[in-house]
Amino acid sequence: MSKFIKKFSKTAGRAPGEIVHVGARKMEKSKITIIDYDAGQIQEKEVKTVEECFPFKDKPTITWINIDGIHNTEIIEKIGSYFDIHPLALEDIVNTGQRPKCEDFEKYIFVVLKMLYEGKNNADIEAEQVSVIFGPNFVISFQEKEGDVFNAVRERIRNAKSRIRKMGADYLAYALLDSVVDNYFVILEKIGEKIEGMEEELVKNPTPQTLQTIHTLKREMIFLRKSVWPLREVINSLARGESELIQATTLVYLKDLYDHTIQVIDTIETFRDMISGMLDIYLSSISNKMNEVMKVLTIIATIFIPITFIAGIYGMNFNPEASSWNMPELNWRYGYLITWGIILVVVLLMLGYFRRKKWL
Amino acid sequence: MSKFIKKFSKTAGRAPGEIVHVGARKMEKSKITIIDYDAGQIQEKEVKTVEECFPFKDKPTITWINIDGIHNTEIIEKIGSYFDIHPLALEDIVNTGQRPKCEDFEKYIFVVLKMLYEGKNNADIEAEQVSVIFGPNFVISFQEKEGDVFNAVRERIRNAKSRIRKMGADYLAYALLDSVVDNYFVILEKIGEKIEGMEEELVKNPTPQTLQTIHTLKREMIFLRKSVWPLREVINSLARGESELIQATTLVYLKDLYDHTIQVIDTIETFRDMISGMLDIYLSSISNKMNEVMKVLTIIATIFIPITFIAGIYGMNFNPEASSWNMPELNWRYGYLITWGIILVVVLLMLGYFRRKKWL
Amino acid sequence: MSKFIKKFSKTAGRAPGEIVHVGARKMEKSKITIIDYDAGQIQEKEVKTVEECFPFKDKPTITWINIDGIHNTEIIEKIGSYFDIHPLALEDIVNTGQRPKCEDFEKYIFVVLKMLYEGKNNADIEAEQVSVIFGPNFVISFQEKEGDVFNAVRERIRNAKSRIRKMGADYLAYALLDSVVDNYFVILEKIGEKIEGMEEELVKNPTPQTLQTIHTLKREMIFLRKSVWPLREVINSLARGESELIQATTLVYLKDLYDHTIQVIDTIETFRDMISGMLDIYLSSISNKMNEVMKVLTIIATIFIPITFIAGIYGMNFNPEASSWNMPELNWRYGYLITWGIILVVVLLMLGYFRRKKWL
Amino acid sequence: MSKFIKKFSKTAGRAPGEIVHVGARKMEKSKITIIDYDAGQIQEKEVKTVEECFPFKDKPTITWINIDGIHNTEIIEKIGSYFDIHPLALEDIVNTGQRPKCEDFEKYIFVVLKMLYEGKNNADIEAEQVSVIFGPNFVISFQEKEGDVFNAVRERIRNAKSRIRKMGADYLAYALLDSVVDNYFVILEKIGEKIEGMEEELVKNPTPQTLQTIHTLKREMIFLRKSVWPLREVINSLARGESELIQATTLVYLKDLYDHTIQVIDTIETFRDMISGMLDIYLSSISNKMNEVMKVLTIIATIFIPITFIAGIYGMNFNPEASSWNMPELNWRYGYLITWGIILVVVLLMLGYFRRKKWL
Amino acid sequence: MSKFIKKFSKTAGRAPGEIVHVGARKMEKSKITIIDYDAGQIQEKEVKTVEECFPFKDKPTITWINIDGIHNTEIIEKIGSYFDIHPLALEDIVNTGQRPKCEDFEKYIFVVLKMLYEGKNNADIEAEQVSVIFGPNFVISFQEKEGDVFNAVRERIRNAKSRIRKMGADYLAYALLDSVVDNYFVILEKIGEKIEGMEEELVKNPTPQTLQTIHTLKREMIFLRKSVWPLREVINSLARGESELIQATTLVYLKDLYDHTIQVIDTIETFRDMISGMLDIYLSSISNKMNEVMKVLTIIATIFIPITFIAGIYGMNFNPEASSWNMPELNWRYGYLITWGIILVVVLLMLGYFRRKKWL
């Protein structure tokens, strides 16, 4: 449940802009890394104190400050005040229950989105909040915990010939968002495989466990949908190119990213439809099974009840000596055999009836 | 039901603008409190008569008049005529069946919204109507009964260093709305916990009582949705900043409030989806249980009916003396044992059949 | 059904603008009443012939002509030609299958809407078509039959001090529409009470009759929805204030009326949701009941079938004299008692099994 | 099925604008009729060859050319080239799988819509494609087969005093569209009657046949919806009055037609809702019936199984002579009567239990 | 499943614009064919190396380069760099998981869409990605494998009199898109036939296999929908005519193509509705069948259980010698016959009861 609603009650009644960490603390100690580069040179270091970041602010090179671990609100506050970030943005960075959103503060653009990853025992999908703030020559990214999704971007920056080295901070921000969205496809692929497995299971041998799995998948889709839907508007507002912070050359990449987001949403909707279909199949296969159980019962009961009645009749103790009307069959020479004959006929009639009904 | 529709029939046929209290009377006597402040000073008092509020109107300081209890229409009318409030707004204040809305009367802005709180026996969510009117230097708030949601705002006002002391009446109005919306998260958290509890119950041991609870949760969500959906448009119309009463510095806060409202609505929709999923699970778990009952019946009946028939056969009274064709088995040396043998074979065949069908 | 579709076939093939009454004739004779007033004076009379209305047309005072009974197309045509009403508007007035709509013919505005009232045996909701035409100084209203919904407006007009006496024809038209919409709340309240009653019945003792009632309620909601939804657009187009016939002072009242309409629609949607929920509850309570029936059957059958088999065994007639292997138990000293003992053990085992399964 | 998708494969791979008849051939030989009129005179004739139409093109009078039977593509092509119709429009005329649409080719407006009529054995609703092309002084209409829907328009043209004689070609085109839409109401009325009949049947005696009929109705509604929905946009685009071919006086009539179209769509949606409701009712009435069957089975089995066991007990052959413990009851004076007494008590207890459960 | 989601994980973490083939390799070796034509002449050849295409670029004639097989990224890159195509477009061409889309790069327009064809064993519908890039005098099309859908276009080009020879590259691009969309109708026709077959099967003899087929059809519709829906926006953006690359004369053809696309979508939605309806029918026919099974069981059990009880009674061994109260019936003259009479009466009463209940 904690996936669906955070402990907001912590913030109720607080003044807006007050920086209170909401959510689970996912790593021990915050970690700050800086990459500073332009087309010609690159400098990369991990710093101990937040103050070490400040000199980079006024350099013309592009500076990427990445902060892993947002529970340390002191760091956030210091960076915020040095880079002149609005308190409400800072509040959103540390409140992990945010909906993906994009806000243009003129001097910088603030983007919140959700990074998805698989939970430990491979069962659940979890989300981590990633915030990106970018201005003319800096990008600051905040993650709840260390992750490897941004590593590919780091690699590309280290490669002196890559396009990213020639572009601005807006392109770097785009690259970060792009790597998050690319990662959605990996998650979707895994869910797609689960759904495929389920479909085979459904056809072969549905169990109550199957229902549980369908339900879990459905909840995952609700969660994914909640995390990804708002992203559409986020990327779209960036791709409209209304901010001066985003250069024209970057816009075509943002549009491409927008297409990817739509594709993710499309796939989520398709999966939702498929899971709904699976539930229908499950329910009717239960009905089918119950029908089969009923048939077996009915066939057995319908065959044996009448012949048991016949046997019951000749178990009656009417006194043949009191009257020749009383059960004379019992004294017939072939009475027993005739009775078996009748029983056989009844059984065959029944079987014929069931065959005609297509129950057998 | 009274939650869903108020006794509007009271007002049917009345002239518009006539001030008639619609809804339950939730407290004995109306209570009027005044907080008057600017950056430098603060004055707080509870007044007996509404006339005591009037002197504050023309002071340049910011005046917040809070009225708890709206059944006393005389107070509303006096305030209304002194502050020059439109009769239709006054009518809406006392008619607790209002839909959340925001109206710009140029000289003041009128906002109606719903405060949610848990009912007495922790079972139900109830709503109280809160109306806020704010002009250049005054805010008048109306509540159905005393509540503690606004206390945090009062605290912040009393703190001489807080931002609220430096901002205008529009910021105070925002702070009141914000405290109401923040409170929604507290309510949602509690519902989230209930849903979580239900999901476990569903998996472990669903009972007809479970169905009742799902139904109640569903109704709560319908109620919440009805109360919160229109708020989106209310806050949005404020955040568009078309009124001169709202300063530019406040707009960013209103936008933040708008994001919170969207988040509340998102969560409500997610909960609705989850509750629907729970109903599906419940229905199929009933089907599964009935299936299991059927299987037990079928297994028992299918095993015993044939062997009872066998016993019935040898309970027949055919006269062995009349003919050697009549039930010679009864006189066989091992007839009884052979019969038991046949019974055993039948039972084993049946069990094998059921095992193959995976019913056992 | 006649509620849902009128006998339009009557008009198929006719020229547009031809005035043909479509719908049931709901009163014997049409009745024409005139109220003519301004701030200073008021004149009220019932007239025999439509021509008596004409002198009022050119007087500067506000004239309200109310016509009860629209089957008399001659009256409609005369009024239409004297007040210069477009033939299509006249056609719509007498065709009671109209959808609520609003048309601005520049010299006058034409509004059609539905008045709802309860059917005779308190069971059904029925609709009556009300048309209102208003120009600079006249209002003409058409009803299918006499009703008391407009009486409150008449009362207010008679009261010399009421606001309505000081306002124009547009305000009078607003007052008529307002009284119709106010009446919707009365109808909704009654439906709300029925739904409340149903919910209790559902929980306590659902019967097939309950299903029938849910179905009827559902149909009522479809009908209400169809009648009220288009009203939203009608009132909105009036409240936008694009016509010169509507004064600025009236606009705020129309906006208020718009809010009321939204509230009615909201409530209808909420009721629809609740009724859908009730159907779900009903269906699962049927499933639950069938489950319970199955359990009783299964318990009884499962307990008695095995012990009947035991009794059947010792009813077999194997000849103990033919061999000491044949049913020696029958001659044991405690054979009968032992058999009862076995029966008891079987029964207890079964009961234990059911208790473990939580069927008892 | 052919109702839902035409044999488009015939046209796949053809050049656009190639005129290929798609659909069933509904009459033997195409029939061309011409009505040429203005306010003063009228001329009406049926022509053998399409060339006879051409002289009317340049006359100032209004010419209506009606072509019944569109399988003769040669006629269509000739008319098309003489009246300078775009090949794509001609292609659409003969391709009966068109969606209703309206295209403005500046010199003329091209409208495609569906005429509905009942199938032969009163069971099904079928659609015929009607195309109308109108320019400044001509209207050309194409029908798949002769029909009587346009006869009412012909009658009105013949009447020298009718409005249609004074208006232009745009009004004539309107009149044709109007007669098609009016005809929808006739079809809807018939469906409405079927639905009404079904509802009664549902309550009184639902059979599997009922389900089949509901299903057929549902399919009819899907078909109707598909045929009528796009019409809304078609009429709306005409009523916006952006074309110079449509005079201002005709616009009010087109708006009225638009209202009728909305009304048709509204009714279709209402019927869809009602049919869905009927399916729900049907399903729960099946559940109810199965419940009742189960109850009868359970009551009979539950009453007789225990007493059959009692009878079974005293059918056992324990030897009373071997021991006085063995079934002494058999020798009691009132043993038999006591047994009957016990049986009676058991039966009464059972009946009491069932009465308490409200199964009886 | 691979139909629904491609192996995107291959691209996650790569730089945007990197050209990586995503999807199955559907043919051995890429094949490049060139058709170069204007109104007067035509030249057609298959080339071995991509460089052979380059001379055509600067000729004023219209050049159509068709590439079958996109797994050879080298070819794509060479063409891309020579024709100055944006890397992101090239990336999209080889990534077969694209959503249909249209992008205007000013110097050329880039369109991606899905070609549908039936899978090998006639069971499934599969999609192939087709990309079309067209500039002022060239069209480049990319297909995953050789197909015959474009052959009709080739034929038309070869025909010196066809319209296509007189029009520009935009018309050629339109012709390619049109042939893809036309092909959708062929696919829909086949699905329509399957649905029709299913409907008959449903009525006559539904089996669990039927359910499987309905489910497969439903999945196909989800797949089709996903492939075709976005096309609407693609064609619409072309038909709006905002690009200078599209001439006015082509626009009317694009509008026609847009209508066809809407028609395809309409048909898909209709099929979805029909398949949903079939699922409902299937489920209720299962319920009906189970009901019938229950009835047979109940009738047999209800008739035989009471009469078996009667037989059981007279199988009891109460000692008639111990008392004359003990089963005197056994010694009656007509005891046996009377018993049969009672049995007969019970059976007839039961049958009458069932007939009244309409179970027989």
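Labels A, B, C, D and E are assigned to the chains in the order they are written; within every chain, residues are numbered from 1.
Here, a contact is a pair of C-beta atoms (placed from the backbone, for glycine too) under 8 Å apart; a residue touches a chain by one contact, two chains touch by 3 or more.
The shown structure was predicted, so the numbers you read here are calculated from the model rather than taken from an experiment.
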item: Touching chain B and also chain C, the following chains; value: none
item: Between chain B and chain D, centroid-to-centroid distance (C-alpha), Å; value: 41
item: Chain A-chain B separation of Cα centroids, rounded to whole Å; value: 25
item: Residues of chain C engaged with two or more neighbouring chains; value: 283, 287, 290, 294, 297, 301, 305, 308, 312, 315-317, 327
item: Category of the chain touch graph - line, ring, star, complete, other; value: ring
item: Direction chain E, origin chain A - full chain order round the ring; value: A, E, D, C, B
item: Chain D-facing residues of chain E, complex; value: 149, 151-152, 156, 162-164, 175, 178-179, 182-183, 185-186, 188-189, 192-193, 195-196, 199, 203, 252-253, 255-257, 259, 262-263, 266-267, 270-271, 273-274, 277, 280-281, 283-285, 287-288, 290-291, 294-295, 297-298, 301-302, 305-306, 308-309, 312-313, 315-319, 322-323, 325-327, 358-359
item: Chain C residues touching chain D - in the complex, by the definition given at the top; value: 1, 4-5, 7-9, 11-17, 86, 88, 92, 97-99, 101, 103, 205, 208, 211-212, 215, 218-219, 222, 226, 230, 279, 282-283, 286-287, 289-290, 293-294, 296-297, 300-301, 304-305, 307-308, 311-312, 314-317, 320, 327, 329-337, 339
